[in-house]
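The next part holds the structures, each set out as structure tokens.
In what follows, chain A forms one complex with chain B and a second complex with chain C.
Now for the complex of A and B:
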């Protein structure tokens, strides 16, 4: 109760610190870097102390701690869950390679001109619309249970259906990213290539696509962070991957700690990719600023 | 339809001041009754133009008079609405003509250079010979290097376009077009995007090409340059070639009022 009572006062102070910090930083950029860092550090420490105190002093904390942060269950779960994560990594890597190829194909087909190719454009447009509109879990269900239901013999296993479903879902998004990249290459580049005698396909292959793909690397990485996380969805069609494994552990231990392990594994795996994306975006921005000069 | 065109052809060929001995030489470019609109905006309204081999023709006129569009039509970048374009006697404006094959014979250089930013200079120059003419990589690069040397760009061979000055980029763009050994060069206001001190180096390249006998159609705002280099100057106004003649005559004694007004404005702006 005491902790709760002190809460509003503390967070008010916290807001005050943050409020001072951010307007200060703009005029000081460069010269007052040390001071900014110091303020940021103090406000961060204060923030976490306050939040931590609030949580630990909450009435239900002891039972939450038992259910989610059991040391023994944690230690026992780590090897099983990390092993199961390799299934996710394999799903992710195989699907990603397929998505990069299939998404590019869809994007290129969609941007081909001419009345003869209208059916191609129509089909690809419908595909992109449908798979972006459907919740991923539905696609995974339909493919994971529907294809085996057709009763072909020897047509694969859950892993293959999972890869297929993820590829179909994400290629729709990725093709749009590619298409934005293709559209961002100025038409004068294609005109220059065509005026040299390059065919439409040669211009696309050697002039337009190399520039387009380079520009969309950061948004592609962003989509792949999403894909990494969505690999857990295929647990619903019977693939024993990290989420399914932690469920199994939960049923076995009557404890939620395995989910915390799973969360940590994803953090360790995903955050570096997010940082890499940020670095690439920053570098890209710097480069285009330099080119504009 | 074809009769008046032919007579139009004959007239412009006959009235060309350099045309006294032209009867025996087949024109490299023949344009008759060329019309081109963008939506409702009529940009070209009946262009008649004949260019003989080794001739340098300069197109002058205010912005929007159709100079650039004319060049883009000759290179088939823009589809035309009516009229005919013949290159070397072949009607390139006919349907089902192999556009890529025609474009190989015609080099075009743009105002904004349009180099490929993701390729080094030598790759920019050797791309089309390798992919279009199927020249082996080593040979294409050797030829590209020789061309770059000829135009004083040998030390830029492995640079990327964004590391070059505007003048250097435009010279590379010219070299890139020359690498396809074109019969005709179209230059579309190639110095308009350049800082004044960089214009001379680009114009020097064009002079060298003219001296080497390259057939060129040049859209330009550099009147002094046009006067020096052109065998014939065409004044474009509102989508027509209003007046054509030797540079001496056009610049000193234009017959058309519009031409005179245009040149007066140019002189007032200190550009002639």
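Now for the complex of A and C:
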């Protein structure tokens, strides 16, 4: 109700409770909205000024500022850190492609009914439970030190080990996201498809999955953003990537500013990606809403 | 309901304003520093030189009065720290050494320094300090830290580093089966994949002295690097010489010390203290005395006897 959004004052309250209606209330509604926006803006500005002043005038602020926001350390760190980010980019691009595919496979396998397929459902359930429970550092150590320790493989495969570890871990989470998407598609869709003569798999492929996947794009993006940070796992087996490079700089300068550089790199990468996804989802919703008419 | 919201917002703003006043009031109070008993003692005994009095046990500014608090990392590795008879005390990892044992090069040096300052072994207590925290900025949880801390001018800017109690070189350890094991010069290491712990002078040695063509692998700790060596993910690991001896002879099978790196001047291990600590001068005095009377050399010969036997890799 617009009346509720208007500013304080008895007349506003009364109007709000009374509800919408007669023309003589409309001017109040207009000024009420303007007033509330102004109050919101001013109170936000005041709040940040107060908090900012508190922080900047705290006794230890100069040394905290030097530790986290040192200009020279910032400038010196940027080239090294941005170069190291390339390792992470390659890792999460390759891993994400595999994760989206493998996660979907696991989700579909889990949803197939029938007693004959029970072993398949059991295996996939165990896989998902185990890899959601295991800490990532354990997985990377077992894969990164255990596999070469067995003696079959050569050296220099850290990238592959990291992709394998990330894929195993994240497919477990992503398969659950897909499963939620599949479950959220109304059973009437599948029933209608089956009644048209499509087999179970055809119904999945042509009717259920397209709807399911579109619904879960936001949580999938969530997991992708989490994956971008979890590429730090490769540093445990020696590869210098963005977090390790920040740490090396931190130890070299006794300063935390390199981590601020890393944060900015991720922000610059992640925020446009999130907005792009929002645009794509909105466009898709509009299209499907239009089609429904 | 709206009235309550308004009241709440007003109260919150008032609270924040109150907090602001409180903080600005507190910031004018001076930070407490160690009381100056040294100057009092000096005025009471003017016949004795002030510096000796300042280092008398009762005049030392200690974190825990009456006790000397020494820091080192966990696990505490041999040959710097030996296991204690009857099992290590918590929290020291049971598979490696215990600083409380008094055995092992750095444990022995710490107790020798403590004795020089007038502390009995029972007055010394140990705390766990992760390596990088020992020379990082900020106040410390220890009076001094002993942990194979190589002296670097950058480290000396944020912590006090004493004179050296040990002088040695970085060294290379490789599996005997690796061709790098036969290297006799630093140039022959250029094509190898080397590994080191992050933030150490070992890593600096790779970057500044060896300058390999392949990017070095960096690990959180030496044991992860050791794993990588065992699985042949790296050709060789760079560590200080005593650690190299421990790895080659005890920890890693079929491995050998390729050699010690000639970097010009040998690296020196220092004790670390809070920046501008009043204890630093006293510790330097103690180290000086222990060097002169040969105690430090004796401990090095006892616990680190291999220094002269290891080949030196020159550029």
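Assume the second predicted complex is superposed on the first by the 230 of 293 C-alpha atoms of A that agree within 3 Å, B and C clash if a C-alpha of one lies under 4 Å from a C-alpha of the other, contacts with A are read in each partner's own complex, and residues count from 1 in each chain.
As a convention for this text, a residue touches a chain if its C-beta (ideal position, glycine included) is under 8 Å from a C-beta of that chain, and two chains touch if they have at least 3 such contacts.
Bear in mind that the values here come from a model prediction, so they are computed numbers and not experimental data.
When both complexes are superposed on chain A, chain B and chain C fit side by side without a clash.
Touch criterion met: A:189 reaches chain B, while chain C stays clear of it. Once chain A of one complex is fitted onto chain A of the other, the partner contacts of A:211 are limited to chain B, with no touch recorded for chain C. In the superposition on chain A, A:43 makes contact with chain C only, not with chain B. Counting the residues of chain A that each partner touches, chain B and chain C differ, and the larger count belongs to C.
Using the contact criterion defined above for the overlaid structures, shared-chain residue A:54 touches chain C, although it does not reach chain B.
In the superposed model, A:158 makes contact with chain C only, not with chain B.
By the touch criterion stated above, A:198 is placed in contact with chain B alone, chain C being left untouched. Contacts of A:240 after superposition: chain C is touched, whereas chain B is not reached. When the two structures are aligned on the shared chain, A:252 is found in touch with chain C, with no touch to chain B. In the superposed pair of complexes, A:148 makes contact with chain C only, with no contact to chain B. When the two complexes are laid on top of each other via chain A, the two nearest Cα atoms from chain B and chain C are 42 angstrom apart.
Applying the stated touch rule to the two superposed structures, the chain B and chain C interfaces on chain A have no residue in common.
Contact residues on chain B toward chain A in their complex (touch as defined above): 75, 77, 100-101, 103-104, 106-108, 110, 112, 114-118, 127-128, 131-132, 162, 176-177, 180.
Those residues of chain C that touch chain A in the complex are listed here as 2-3, 6, 9, 13, 16-17, 19-20, 23-24, 26-27, 132, 135-137, 154, 157-158, 193, 195, 198-199, 203, 215-220, 224-225, 227-228, 230-234.
Residues of chain A that touch chain C in their complex: 8, 13, 43, 46-47, 50-51, 53-54, 57-59, 63, 67, 141, 144-145, 148-149, 155-156, 158, 235-240, 244, 247-248, 251-254. On the side of chain A, the complex with chain B involves touching residues 188-189, 191-199, 202, 206-207, 210-211, 214, 290-291.
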